[in-house]
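Each of the next two complexes has subunit A plus one other chain: subunit B in the first, subunit C in the second.
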Partner chain A sequence: MKNNKTLLEIKNLHTGFSINGQIYHAVDDVSFEIQEKEVICVVGESGCGKSVMSLSIMQLLPQENAKITKGEIRFNGMPLTNKTDKEMNNVRGKEISMIFQEPMTALNPVFTIGSQIQEVLHNHLDISKQAARKKSIALMKQVGISRPEKVVDEYPHQLSGGMRQRVMIAIAIALNPKLLIADEPTTALDVTVQAQILELLTSIQQEANTAIMLITHDLGVVAEMADSVMVMYAGQIVETSTTVELFSSPKHPYTEALLHSIPKMEEDVERLHTIGGIVPSLTSMPQVGCRFRDRCPKAFADCRSITPKLAPVGDGHLARCLLYHSCYPKQHRTAEEGVEK
Partner chain B sequence: MWKYCLRRILGMIPMLFLISIVVFTLAKMMPGDALSGEIDPLNTDPVYIEDMREKLGYNDPYHIQYGRWISDFIQGDFGRSVRYKMPVSDLIGEKLENTIFLGISALIITYFLSFTMGIFAGRKPYTIGDHIIGAANYFGMAIPSFVAGVFAIYFFSFHLGIFPSNGSVDITLQNGTMEYWLSKLHHVILPALVLGLLSTASYTQFLRNDIIENSRKDFVRTARAKGTSNRKIYHVHILRNSIIPLITFLGFDIVSLVSGAIITETIFTYPGIGQLFVQSVQTNDYAVLMALTMMFSCLVLVGNLVADILYGVVDPRIRLD
Partner chain C sequence: MINSPKHLKYSKKMSPWAMARKKFMKNKLAMVSTCFLLFVIVISFLAPYITTTDITRVNIGETSLPPSSDHWLGTDKSGRDVYTRLLYGGRVSLMVGISVTFIVISFGSLIGSIAGYFGGVVDNLLMRFTDFVLNFPFLVFVIVLNAILFGTVSGVWVLIIVISLLSWGGTARIVRSKILAEKENEYIIAAQSIGTSSAKVIIRHLLPNVISAIIVQATLLFAGMIAVEAALSYLNFGVPQTVPSWGNMLSSANEPDVLQGKPWIWIPPALALIVTILSINFIGEGLKDALNPKSTR
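Now for the complex of A and B:
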């Protein structure tokens, strides 16, 4: 999927929450690109800022306490960060759409399924009621909902979680967006349904050439679907590369630990590998040094005093770890000679 | 749905039966009877009074009196008012029209004010506008309606002279003419305002809080992700959810309107059933008193049924069966 046009470009994105009058960054200096038609996966533990990052792109952050404090988001070259809410409404649902983690509560309980799909059509197209109804039924068929003529007049509580997530997907793809953000779309569903939903996403990506940013905990899903991967930790990107590269030669100890924690069938598993400790909370984030150091098996003295930067560690492969020379900030380059990998 | 209504209505019968016993007992326990209120004991032969008591059945055992009353009642014969010298049903019918007019006007005022203020405050919580609305509401809640009524009469009727202070219509006007209806409207505004403001505060605050709560729900985020305008999100997505709990209020509303009407109608000498009720207590007009009490009880039960049915209509998750 190389040599494509850049669809989404994010530069130095900082998103902060104001907690007790102070701003804490849940997304701290994140930069990356998504190419057209690409499937990019974002992985990382709970609480490392994946949802906040995707909501920042959509500008759907909770208005009362969250804010993009710095950085730039460009979609097809057009900056999104300085758009008003009204202007963003022309982008949301049409150019970029989003599927959420929790299908059970994502739909409005008092409106029919049909009307909720038709709403996105009416928002962006000049379309008659009958035409919108027809189109909504066709969309439901496309996402694999059986008896769509009946479901169109049903209410969310009459549908299972998997069905509701299909409805959400129908809404998301209704206008052939260029980018689909799926924030853990299968976490709340059972395993067989998970596989079906992912299959559906893959087929959409292949048929409609939609770029997908898929947020997931599941590295198995990454291996199967992603062109490239971004590993996030504590609000930052700690490693990013193509999928093949990441799985064959992970560079960051956190990535290694994540890969290690996948249970393998063929191995004689004595114990399931887990990463000890937890992600530091927003208010207890270390100001200096590596944010993963307290949980890192390979940590050494520099990890406390020097903050690593995200730097190339291979071909199209970036990491944020002092095990690699390039990750030392400029003022510490003199010390670099002494540190061998 | 019809089955559900029928079942609910049948379920009311034992309730009404119990209520009728309570009403009857209370009426009998009150001192005096219709005769002691209407006949001057100094000018009338006590034998005649005793004869009348016997003739009216006031000396029969209570259960026989009750049986007679309830069987007449079920057949629609509520007895005669000793004060107005006319059948109770005609009397109530005449006054009920005024009270219904007052009640509906008050409801419209309540709904109009609380929706306007509640939506505004809910959309922009913790702003100056919200604080002003909140303060005004708590102030309104703290004032008893009789104080508000007296104040309204003093200010609007005596001081400014723009609204009449009593009656339901200008009696010199011909029934059915345009002027007649306008006069009715003119007379109802002040009492309806006092009665309507009674529940406005609680409605407004409830709606405001529910709108704020709903605006944090996931489905709002979904709607925004679809590119739905903020206006539509509040007026369609959130409001449609927030009116559901308000529907249950409607059942209580009917009750509070009736009890509020008793006070308001008395203050404004507005000839409705509230005023009639107070008079019937003062004059020992038991036939009227019992009929009205039964009617109020029925209203409470019917109000709750209406609320439950409406609940099923507005909330698709609730099925009435």
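Now for the complex of A and C:
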């Protein structure tokens, strides 16, 4: 999927939250690109800055306390960061659209399904009511909602979770956006519905040539969908590579740990593997050194004092870990004796 | 839903509004109150067609007459027909109540929703201004403003404007707090993510979801404002004496002679006030239950 045109380019993005007058970065120096038609997955635990990053792209951060403090977001070559809210409204829903985690709350309970799909059409097109209604029914058919002529006049509480997520997708793809940001679209759904929704997303991606940025913490979803993967930890990208490469040879200890915590069929263990500890909170983020060190099984003394950089570890494969900095002797890379807690 | 009574079965097909309507219809007290209030409103506004007696005519020969076939509810100390004045008085009291409620709800919702939605500096400025207005001593200000505005605006409207100017703060606060809670819902960010402008998000998405609180607040305000009008008119700071209102009619009861010996002068407006305010409050209660999806009463 390489050699395509770059669709979205993010450079040194810093998004900060101001807490008690001080700014803490929930997204800290993130740079990446999304090519046209590419499916990129962003993986990481809760609190890693995945959602904040997607809201930064849409410029929909909570106005009171969050701000992009530094960095650039370019979509199709045009910078988004210095656009006014009005200008952004022309991009939102038309060029970039978003699917949310909770289909239960992402639809307005007091309006019919039809009127919510038609809203995006009325926002961006000069379209008559009848035409919008027809188009909304067609969209529902496209996302696999049975009897759309009925559903168009129903209210969100009458639909199941899977149906609602399909409605959300219908709204998101209504105007054939070039980029679809899906923020954990399957987390709130049960497993069989998850598979259907992922299938639907794949078919949309192939038919409409939409690039998809899929935020998830389900590595199964990643394996199924993604062309490339970005692993985030505590607001930073810790590893990025193609999907095949990442699953076959993960480099960063965090990625390894994530992969290790997937339950395996052939393995019979008493307790599932977990990663001990939690992601450090914004206010207790270590300023120097590796942010994963306290939970890392391979951490050694220098992890406290030297901040690792995102460095190439293979073809198109980057990792943020001291183990792969060339100045460190080989033995550290497998060293277990260097563990410091 | 274990305790939900059997008669409250709602089809899944119903819109939230249809469900609320059904629930409201089931509430007998609220329905009776609604009928009564409608009745009061209709006869008050049809007063000129119901009675032909001149309300301002003073008849020295017929002062303080007890109820008779000529004067159903007697006459007051100036010889004016109490029944006629009661009908016309309802007109003024209800008009003050409705107009003030309408102005206060519109303005309060506007300020509250802008403050709640935008937050930050805007919120701070608007809410401090609201606090400022809420801090005015009500009675003193009504009296002063009434004196200043008197003559520039005609009769009842002075009072309506003055009360409205001082009363929107509570509504603004309530709407703001509701909007603050409501805007955290994902459908708001979903609406923004498809390029909906701020004004449209507030009007189309936020207000319909907080309208139940606004409606309930409106009924309480309505009842409260009728009482405020009566109180001010009783103190002779309300509508001018030439215009009959329930409060005006009550003010003659401050003479011991009338209070003890001539109950027909003050009991009709007092009863009308009490029953009207009660029925509005019952309607408010009914609406609160009907619009609250969690209540099964």
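We adopt the following convention: the second predicted complex is superposed on the first by the 323 of 341 C-alpha atoms of A that agree within 3 Å, B and C clash if a C-alpha of one lies under 4 Å from a C-alpha of the other, contacts with A are read in each partner's own complex, and residues count from 1 in each chain.
Here, a residue touches a chain if its C-beta (ideal position, glycine included) is under 8 Å from a C-beta of that chain, and two chains touch if they have at least 3 such contacts.
Fair warning: this is a prediction, and the values are worked out from it, not measured in the lab.
Under the clash rule set out above, the superposition-derived model of subunit A with subunit B and subunit C contains a clash between the two partners. Residue contacts after overlaying the shared chain place A:S160 against neither subunit B nor subunit C. Touch criterion met: A:N90 reaches subunit B and subunit C at once. Within the superposed three-chain model, A:S203 lies out of touch with both subunit B and subunit C [touch as defined at top].
With both complexes superposed, C is the one of subunit B and subunit C in contact with more subunit A residues.
In the superposition on chain A, A:S249 makes contact with neither subunit B nor subunit C. Once the two complexes are laid over each other on the shared chain, residue contacts for A:L60 go to subunit B and to subunit C alike. In the three-chain superposition model, subunit A touches both subunit B and subunit C at residues 58, 60, 62, 85-86, 88-94, 97-98, 100, 102, 105-111, 119-120, 123-124, 155, 157, 168, 171. The residues of subunit A lying in touch with subunit B in their complex are 58, 60, 62, 85-86, 88-94, 97-98, 100, 102, 105-111, 119-120, 123-124, 155, 157, 168, 171.
Those residues of subunit B that touch subunit A in the shared complex are 216-219, 221-230, 237, 240-241, 244, 314-317. In the complex of the two chains, the subunit A residues touching subunit C come out as 55, 58, 60, 62-64, 85-86, 88-94, 97-98, 100-102, 105-112, 119-120, 123-124, 154-155, 157-158, 168, 171-172. Of all residues in subunit C, only 12-13, 15-16, 118-120, 185-187, 189-198, 200, 204-205, 208-209 touch subunit A in the complex they form.
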